[in-house]
Amino acid sequence: DFDYALENDIKPAFGTADDVLASFLRGGLVNWGPDVGDILKIGQSLAMETSDPQSRGFVKALFTGARNTGKTFLAAKIAKDTEFPFVKVCTPENMVGFSETAKCQVLNKMFNDAYKSPLSVLIIDNLERLLDYTPIGPRFSNLVLQALDVLLNKKPPPGHRLLVLATSSVQDFLQEVDLTSCFSKVVRVRQLHNVDEIMSVAEQSEIFDEQAMTYIRHNLNKFDKIPTIGIKSLLEMLDFVRVSDQPPQTLVQELEALVLGF
Amino acid sequence: DFDYALENDIKPAFGTADDVLASFLRGGLVNWGPDVGDILKIGQSLAMETSDPQSRGFVKALFTGARNTGKTFLAAKIAKDTEFPFVKVCTPENMVGFSETAKCQVLNKMFNDAYKSPLSVLIIDNLERLLDYTPIGPRFSNLVLQALDVLLNKKPPPGHRLLVLATSSVQDFLQEVDLTSCFSKVVRVRQLHNVDEIMSVAEQSEIFDEQAMTYIRHNLNKFDKIPTIGIKSLLEMLDFVRVSDQPPQTLVQELEALVLGF
Amino acid sequence: DFDYALENDIKPAFGTADDVLASFLRGGLVNWGPDVGDILKIGQSLAMETSDPQSRGFVKALFTGARNTGKTFLAAKIAKDTEFPFVKVCTPENMVGFSETAKCQVLNKMFNDAYKSPLSVLIIDNLERLLDYTPIGPRFSNLVLQALDVLLNKKPPPGHRLLVLATSSVQDFLQEVDLTSCFSKVVRVRQLHNVDEIMSVAEQSEIFDEQAMTYIRHNLNKFDKIPTIGIKSLLEMLDFVRVSDQPPQTLVQELEALVLGF
Amino acid sequence: DFDYALENDIKPAFGTADDVLASFLRGGLVNWGPDVGDILKIGQSLAMETSDPQSRGFVKALFTGARNTGKTFLAAKIAKDTEFPFVKVCTPENMVGFSETAKCQVLNKMFNDAYKSPLSVLIIDNLERLLDYTPIGPRFSNLVLQALDVLLNKKPPPGHRLLVLATSSVQDFLQEVDLTSCFSKVVRVRQLHNVDEIMSVAEQSEIFDEQAMTYIRHNLNKFDKIPTIGIKSLLEMLDFVRVSDQPPQTLVQELEALVLGF
Amino acid sequence: DFDYALENDIKPAFGTADDVLASFLRGGLVNWGPDVGDILKIGQSLAMETSDPQSRGFVKALFTGARNTGKTFLAAKIAKDTEFPFVKVCTPENMVGFSETAKCQVLNKMFNDAYKSPLSVLIIDNLERLLDYTPIGPRFSNLVLQALDVLLNKKPPPGHRLLVLATSSVQDFLQEVDLTSCFSKVVRVRQLHNVDEIMSVAEQSEIFDEQAMTYIRHNLNKFDKIPTIGIKSLLEMLDFVRVSDQPPQTLVQELEALVLGF
Amino acid sequence: DFDYALENDIKPAFGTADDVLASFLRGGLVNWGPDVGDILKIGQSLAMETSDPQSRGFVKALFTGARNTGKTFLAAKIAKDTEFPFVKVCTPENMVGFSETAKCQVLNKMFNDAYKSPLSVLIIDNLERLLDYTPIGPRFSNLVLQALDVLLNKKPPPGHRLLVLATSSVQDFLQEVDLTSCFSKVVRVRQLHNVDEIMSVAEQSEIFDEQAMTYIRHNLNKFDKIPTIGIKSLLEMLDFVRVSDQPPQTLVQELEALVLGF
């Protein structure tokens, strides 16, 4: 557990906030539709509000959406673009197998550290994993939930300002446990959901020539239902397609399998 | 846990009762309607009853209402206005990740400390967080619940008088577990629920000129349903509105979103 | 927990049986109706039966009734009036945050201590708190329940006589877990339930002149339903009424609120 | 717990098998009906079977019946009458607050001790308390249940014979968890269930003269339903009746209350 | 627990595999019907298959049937008859009160020990007790279940052959948790279920003369339903019958009670 | 537990990845139908994709199918054929009785070790046992589930590539807890499901001459339903058949029993 790690001074492989941010941002941004720009702009406003001297200086936003839709990437991008002097990332990736108590201690420390700087941004990635949430039961760590609720409602000390950016793919659950009421802003990240958005990503992948693009669009238009897919899954699918013998056919097949439910 | 904190003499950042009270009162009072004055007056009577030599000198009041309605602020204000020689605050903000046992010890110590002064006021803020309550299950700390029930029913030692002010946003749950029967007075804190109350807060925010105010009132009157919103949420919304390009329009939009359910 | 307390020799503020009895009896007796005398007389008989040489000398009575009806007061009064050489009180007030095991140890010790005297009376106050009972679930300490059941069925050693007086406001639960079958006598303590009983307490409070009394009775008689209220709650209500501007009106209002369900 | 007791060499007040047997047998036998003799005779046969060289020498009997019917007394009487060289008693009275593991260790030790003698009788009193059974849930110690099942099925070492006498008032539960299938004989102990049986106990109590007896019988015969009551409860009731002003009337009242369900 | 036992070098009274086998086989075999021979023959085939060089050399058989049908005896007999150089017995009799972890360690060690010999047979007796199974809930040790599943699927090291013989009376449960799919062979052990089988055991008991036998058969044939009873229960019943005054009558009565459901 | 093993430097009997792989591959491949080749080919593509410099280099495949269908064998074969410089195997066989925390530590270490090589393949065998999954409840280790989810979503450090091959027979459960969404590819391993596939395995077993083969096929064709059976179970059945007196008849009987449900 956490204490063990502390005692033995075990450093996770790439632990600093900069490394984690870099890891979140690896792969780069693909502009698949207008939503991308809109969300980044909301991000700018939140940063502005945080530093506005007339405001209370404690702004909390939640990025929700299906799995693999790019929530973490967008939160990381916005955090980086704030250029606030202090950036901190709280991610379950560094807490595998931690006890509930250890997770609470990490969360508590994150907020306390953030309060040492007059202007900070704090990413809390993947709330459902932080909460050890599983839909069967449902089960989750009530201890971590309580800690999150309290910390998201505890004002920074006088003269300190904080922007919290959290991500999660289980918004219904967060609503049920009333955690959403702790956030002043909820930002929805959507899956790609029309042919143009998919074609635009396919084009930027530089796998297909013009004829192949025509073939793909033609076939997608014949589908009964438009495939919905997160940007991350689509990019992975294109990796698979790239090494195949017949890339355009394979892409169409894989998307069709998605529509038909595998 | 608590013992750990005790052993290592970890002091929470702003731990004294005065600091916590100040933090609760930061932001100031906005007089959004007659309820504000009424509640403060009830507060005065409770203080009077506590110190009345003919009374039993053990008065316990519960402030309930939806989230973000200003319960904590009002309890803190009343506590401060009593000018009793001893003020103590029990808040989950200083107990993140504490075990049930540690919380019971803190509660017990709070009451025992209060009993050292002949006339004390004790704020117990956010009962649901103290109880680690979550509606799923529901789950809660039965140990803390039992401790609260016992402590709220244990008479102060002879010659000692105590006023307890507790806050909570989950009155139904407290009723179910029969904790409300420990309080002699239940004070309800409401959300703002008519256009005049909202307009009054908007005016005091000094964001809008007269024309803007007319625009806002005109539009609010066209709503099918009157938005209900706690004073804290409304003040946060105004912070967001202030940095926007078109404050009056943004305020109307945000309130409309609230009515439509986000 | 208990061991901790033992090790560090922490003495609860007013721990001796005499102090606790005195605390239970503080406030004094108000003779609000015939039940009061009846119950005290039953108490005398139980004491007599305990010391009768032809009896088995192990008598166990349970005082049940709604919250705030004076159960603890009456049990304490009866215990005191026995003038048995050994009086012991087991109350959750001194066990806040104790573990189940610690509570069992306390209970066990109480009985063993009682068995050192040839003639003892043991008050076990507030069984539901001792059992950490809550209606949600329901949850309760099965370990303490088992200990209670065993101890209430274990005969005193030869030559020793014991009267046990227990109090509880959750009789249905005790019935369900079959704990009532351990008691030879169940004594019911009622709420006040007619206008005369309420008027009698109002009169003894010395707040109201004759005209006020007439006003109150006149108004109570107009109620659709007679308010039911425990003696403790009524005395607290009168404390509140005493500091108000218009005591008779306030009393009528508060009782009306009670009838209307708050 | 148990280890603690072992370490500190705490001896329960009256711990030897003889003392416990004596305590079980205190109060003496009242011959309230033919069942009493029948059960004692079955006891003799079980003893005979245990020591019969042609038998397997491992006999296990369960005494069941409602609470307060004299199960423990009868098992103790039979055990004593066997005059086997080794008698051991396993009773929850000496295990208040023991952990499940400690109880298993005690049980295990009891059997192992019994196996040191060539001919032993072992009383396991009050199985439901040993199992920490409560009907809510139901809850019980599965660890103790498993230990009991294994121990009741493990043959004594060659050359050793054992008679086990267990008592319980929750036969339905034991059936459900399949513990009854471990016993070769189940003996049912009934409540008194006709007027003659009750009159016979009343007579032996020597409280009533002939006229009183006639009065009682006359009134009992007028009851709609015959009261069912265990011998232990009836004897306790007579203790209460004895100190009353009008013993015959009080007895009739108490029995009537029983019929009417309190 | 197990560690405790290890540390203190506590040896269970008759712990070696030979002693346990002998204890299982004590009482001897009664040939009550054709099933007995059939099962023993299947046992021989399993042994043959285990040592056949062309087979995989890892054979796992499960003996199921109602309680008291002789499962353990038959598994022990087959194990003994294999004359494999290494025999090991895993029985709950030696693990009373063990923790789940300790049981897993024992199981693990049993298999590892078996793998030290090129040809071994391992009895795992009474799976339901090993699993701490109870039908209420149901409850069982998931840890032990997981360990069993893994160990029953882990191939012996090259050059080692193992025959596993497990017994259980809760086949439905094993099916539900998918443990039966780990066994290559399931052998069903039946209760006696016709008059001839019962008469054959009665005859071999040498209690009854010819006339008594006629009397018994005549009466059994008049029963509405044929009593079903395991061989172990029937032999115990005959022990009881033997010491009675009228053995034939007693046997008929006891069997009738069985049919009528006690 | 794990720490214990670490401290005492206990080495499981055949612990290196090579030994485990060899153990998984023991028994050899039987080409029972076209699926076998197809799956091996998909395996090649996954390896290719992992090392393709244009891909993200983090490929995760799940092999699912009924019990005993050869999932582990196929995953091991594919892993071996990649000839990646680093191969690691995570199998419950080496974690019998490990605590949840210990399992998480092993998993974490496995991934971290894999990240030390630029190109690795990691087998995670038998997810359901790793998760301590049982359908009753269902119960499973949420801690291990959370660890798996996080680790399967945490990108390898820059310059490192990883192919994960996991096996499981409980795909529905994995879907429910949303673990399948962590895999980019799901490979289904089927049972044999037509007569030709069974005949082909029978032939390769070299037990039957031509006439026997005709007899078997003739009889299988008469079945109402075609038996479905995993390759592993069929090979075990043939081991049993081989030592029988009449192999063809026995095979037909055993398959018929399978169809009739045992």
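For the reader, a short list of remarks on this structure follows.
We just call them A, B, C, D, E and F in the order they show up, numbering each chain from 1.
One rule holds in what follows: a contact is a pair of C-beta atoms (placed from the backbone, for glycine too) under 8 Å apart; a residue touches a chain by one contact, two chains touch by 3 or more.
Values in this document were obtained by computation on a predicted structure and should not be read as measured data.
Steps from chain B to chain D, taking the shortest chain of touch contacts, total 2. The chains that touch chain B as well as chain F are A. Greatest centre-to-centre distance from chain F is found for C, with centres as Cα means.
In the contact between chain A and chain B, the residue numbers used by both copies make up under half of all numbers at that interface. Centroid analysis (C-alpha atoms only) places B farthest from chain E.
Averaging C-alpha coordinates per chain places the centre of chain B 33 Å away from that of chain C. Centroid to centroid, with C-alpha atoms defining each point, chain B and chain E lie 66 Å apart.
Centres computed as Cα averages put chain D at a distance of 57 Å from chain F. A ring topology is adopted by the chain contact network, closed into one cycle in which each chain touches exactly two others.
Of all residues in chain C, only 45, 48-49, 52, 54-56, 101, 104-105, 107-108, 112, 115, 138, 140, 142-143, 145-147, 149-151, 153-155, 157-158, 176-178, 181, 184-186 touch chain D in the complex they form. Interface residues of chain A facing chain F in the complex, by the touch rule stated above, are 1, 13-14, 23, 26-27, 67-68, 92-93, 96-97, 99, 126, 129, 132, 134-136, 139, 235-237, 239-240, 242-244, 262.
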